[in-house]
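In the two complexes that follow, chain A is the common piece, with chain B as its partner first and chain C second.
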Partner chain A sequence: MQISEIASSTTSSIKVRNGKIQIKTFNRSNFVLQLTLAFLIIFTVVAPFFLDYKSIDLQTAIFYTVDNLKMMFLQPALNQITIGTALIQILITLALAFLSTVIGAVISFFLAIACAKNLAPTWLSNTIITFNSFIRAVPTVLWVLIFAIVAGLGSVAAILGMTLHTIAYLSKAYSESFEEIDGGMIEALRATGAKWWHIIVHVVLPQTSSYMISWTFLRFETNYGVAIAMGAAAAAGGIGFELFMSSSFYYDLHEVGAITYFALIIALILEVISVQIKNRLIGSR
Partner chain B sequence: MNAQFDVIKKKRIQMTIILLVMLLIVFGAKVLTDFSFMEGLASIPGTVFWMFTNLIPTAEAMENFPKVMERLWETIILSILATTTAGIFALFFALFGSKTTKINGLLALLSRVIASVFRNIPVVAWALVLVISFGHNVVTGYFALFFTTFGFLVRAFMETIDEASTDSVEALNATGATYFQMVFRGVIPDTLPQMLSWVFFMIDTNIRSATLVGLLTGTGIGYIFDLYYKRLDYPTVGLITLSIIVVVIVIELISNKVRRMIL
Partner chain C sequence: MPTILAEKTEVYEKKGKNKKEFQNSKTILKIKDLYKSYNIKTPVLSMIEMELKQGEFVSIIGPSGAGKSTLLRCINRMIEPSEGSIVFDETEITSLSKKALRGERAKIGMVFQHYNLVSRLTVFENVLHGRFGYKSTLKGILSIFTEEEKQLALEILDKLGMKEFAYKRCDQLSGGQKQRVGIARALVQQPKLLLCDEPIASLDPNSSKVIMDHLKEICETMGITVLVNLHQVDVAVKYSDRIIGLNKGRVVFEGLPKELSNYAIQDIYGSELEDLIVE
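This part shows the complex of A and B:
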């Protein structure tokens, strides 16, 4: 008996073409997937021709870049600042990130309660979601520069700008973990006549605290990177500002390298801690 | 009864200590950065008022609209291009680094370390170094975005592969499939929707990062923002900010829609 006959005799859902059983059938999600993939590939191939390269000499540029990267990573040295200054500047960057994370986390907690669909009315939750996506759409550096016009360049503007993005990020993360709480528990407490804040303190907080801690630390890790950027682009102080000075002011690539190593080591430590926290509190899958 | 009371008491003491330590760090950070809560709080209403009076694009600002659109287009292309090309490289590194598809332990460790280094070197450092040799050129922005995106996507892809495909890999290995069959028939089709979703997330992020990189390297929308910001031409700054908002939200809507369809 032919393969196709066996196939057609067992179930009608198996389709056969050229003697082979077709393992893929048409469905919409697959179609969209392939369409998106095709679009991205075509875009990647075509897009480079739309950019204006201003007659760049790629060969020399790459040669110099390799040379610069060699200077940076293989011969790091501190010339303009001492190692003590570098460490203090790193601490300042960490402090900027810490402050904006803590302030953001406190505000996000209350916003998230007002945003979680199982704790708050729909209109309120939708308002906050729209507000958040508006905040998130403006890059952090623009927020910081806008705040700087009134507050002046410095830590106040930087922390305000970074806090805004932290709020948009954390309130979404928190409210999503609030929404995963077992609805029965909230109902049970409501039935016993518990007040609104009883539900928050005795159900919401204990149930979600480990998720919240892990999200908050992840945001702290992100904010550290953002704080470096703000130091460089918006004069917020810290190691980012030193990085900007040594590269754009002194053209001292050895120092850029040394500062980058400092920043990198701290970032790696933060990443390890954040993975540890995630694994310990939530459990690795 | 007593034991239970002790547990609650111990927990309370623990919570108090954690809170006190946090407050101490907040105070230390406040002193170190010269930050004042009052000043911060006081400048919020002023900023909001200022935004509504100065950041509204006027007819004059609209004359700069074609210029802004040109730069914005450049930024969009750059972000998507950096993300897709980084995604291709990241896919291979993720395959080498993942627990289920690694070739050997040494290679896996190596690709994890490389990705981690690229991810954690701040985008600012890349931008500032590249601008020295590439100048105020789109290539500078492209490479700066490429490196950080690559680092992030390797981590994301690796986690996706680790989480999703152990069953199908086991099944394919049991039938005696080769490594390439296992990867291209089992792992990639399984994880592609999730990976594409990460790519979209990264395009979204990169448009915002491109603004920052542009500010530092003199390319794209960041450059034109910096230009008008320093000229104190705030209506145009408002126009630029609004156009960034529109682009980011449109891309977010599209990616959400596609994500919902493919996942």
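This part shows the complex of A and C:
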């Protein structure tokens, strides 16, 4: 059958251009997306040529940067602190992350119950969701600095700020996994005359516990990273503060490199543990 | 021919021999002028009247969207009825407070099409969920069950042939097994009425027969009134003491299975018999 015949036999719905059948039709949103991408690519390629470098000589700048990086990562050394101190400081950072995650997780669980659309009235869940998205929109560092006004710069402000952000994050994650629960299970328990708390403990908790654990651990990893930054930015102590001291106070790039490696190793260990936990939970599903 | 139809004629004969009389039995459920609508124009249920006696096996048949599920859920107020009266076990259900309603719900078992078991928990745990209606908040949360309750649960599981699966997780069971656990959960409530919302709609013919036989046996030996929503007319005819036909939220047929003529089936389903897969 000729192309023209196919097109004409199905009259209007099939598009033909230049004697060829079109697979896609013109789509406005796709067109806008492609246009945006094209602009972004052009700007990315063109922009560096028009940058004003002032007095910086690009060649020497790149050379020194590479040199600094070499100092940091190829010649790491501890000069101001001992390995023992570094380990203790890392423990402090982990403690900061742990505390804010645990406190946050407990509060988040209850908040998530009040926030899940299938467990709570709509007005309540919408109110909490609005507050949560506001809290999440402000970066953790900013929350810590806000709390520093009342608590003073230090670990208290750091924990308060990190906990607040954790609550907003985890209650969203938890409540979304609660909403995934098959409504029939809740209905079945309600039909037996079970109380609301019975349903929470015996349907919601067993059905979502693995998701909650994996979300919580993910947040713990995030909080570990944030806690390092808080040590530097909000004087919360821990390895972050040592990093800040060695980089800004002593300008010891060797030590910066060593501390970065320490933090990285711990992060890798956490990652491995997290994968293990996830696999185990999925395996038992 | 599916197994469920195999003994059809035989059952007809049996029914003829020892025909049951429910006239003198106690009334378990009395529905009067029940009316339910989500918007005023099209009521989901209107002018529903029915009376169930103790130990009766009643089927509700009708096309999809006729309001069968809504009717069943109005009885234990999982869906709030708009108007009318529902008297269950001499208690007016429609005017109960939340707390009192929970007490009455405990006496009404419910079985679902999709079983609605908590899939991550064991069979035993799921069955014991049926006891929550009789528990205080704290005892329920901490899963404190008496030995008698556990004994009861095991007896019921044994009766349904599921005792050996007691410690198995529910997501490892087949559909027919899940439904038996669903029935066990309802029975552990020691209900006076069992509401079954299309209990065999997701099951193969073999498991369907097992489930229906169990429901029938429960009805006959334990004296529990069973109200079943069904899609299959032949199953309804085979097992029921009485059939109620629902169409567009109204009762269009009520009578004994043998009274369900082809004409009545046409009336219920609103189309010519030739267009229906009745058997």
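FYI, the second predicted complex is superposed on the first by the 225 of 285 C-alpha atoms of A that agree within 3 Å, B and C clash if a C-alpha of one lies under 4 Å from a C-alpha of the other, contacts with A are read in each partner's own complex, and residues count from 1 in each chain.
Quick note on the criterion: contacts are C-beta pairs under 8 Å (C-beta built on N, C-alpha and C of every residue); 3 or more make two chains touch, one makes a residue touch a chain.
Since this is a predicted model, take the numbers as computed values, not measurements.
Of the two partners chain B and chain C, more chain A residues are in touch with B.
Judged by the touch definition given at the top, the superposed model places A:L37 against chain B, while chain C stays out of reach.
Of the two partner chains placed by superposition, only chain C is touched by A:A191; chain B is not.
By the touch criterion stated above, A:A233 is placed in contact with chain B alone, chain C being left untouched. Of the two partner chains, chain C is the only one touched by A:H202; chain B is not. Of the two partner chains placed by the overlay, neither chain B nor chain C lies in contact with A:I273.
Shared interface residues of chain A, touching chain B in one complex and chain C in the other, are 285. Of all residues in chain A, those touching chain B in their complex are 28-29, 32-33, 36-37, 40-41, 43-44, 47-48, 50-54, 56, 58, 61-62, 64-65, 67-69, 72, 91-92, 94-96, 98-99, 102, 133-134, 136-142, 145-147, 149-151, 154-157, 159-160, 225, 228-229, 232-233, 237-238, 240, 243-244, 247-248, 251, 253, 256, 259-260, 263-264, 267-268, 271, 285. Interface of chain B with chain A (complex): residues 22, 25-26, 28-30, 32-36, 39-40, 43-44, 46-47, 50-51, 55, 73-74, 77-78, 80-81, 84-85, 116-117, 119-125, 128-130, 132-135, 137-139, 163, 192-193, 196, 199, 208-209, 211-212, 215-216, 222, 225, 229, 241, 244-245, 248-249, 252, 258, 261-263.
Remark: chain A residues 182, 184-185, 187-195, 197-198, 201-203, 206-207, 209, 285 touch chain C in the complex. Across the complex, chain C meets chain A through its residues 76, 78, 101-106, 108-110, 112, 114-121, 125, 129-135, 137, 140-141, 143, 171, 182, 185-186, 189.
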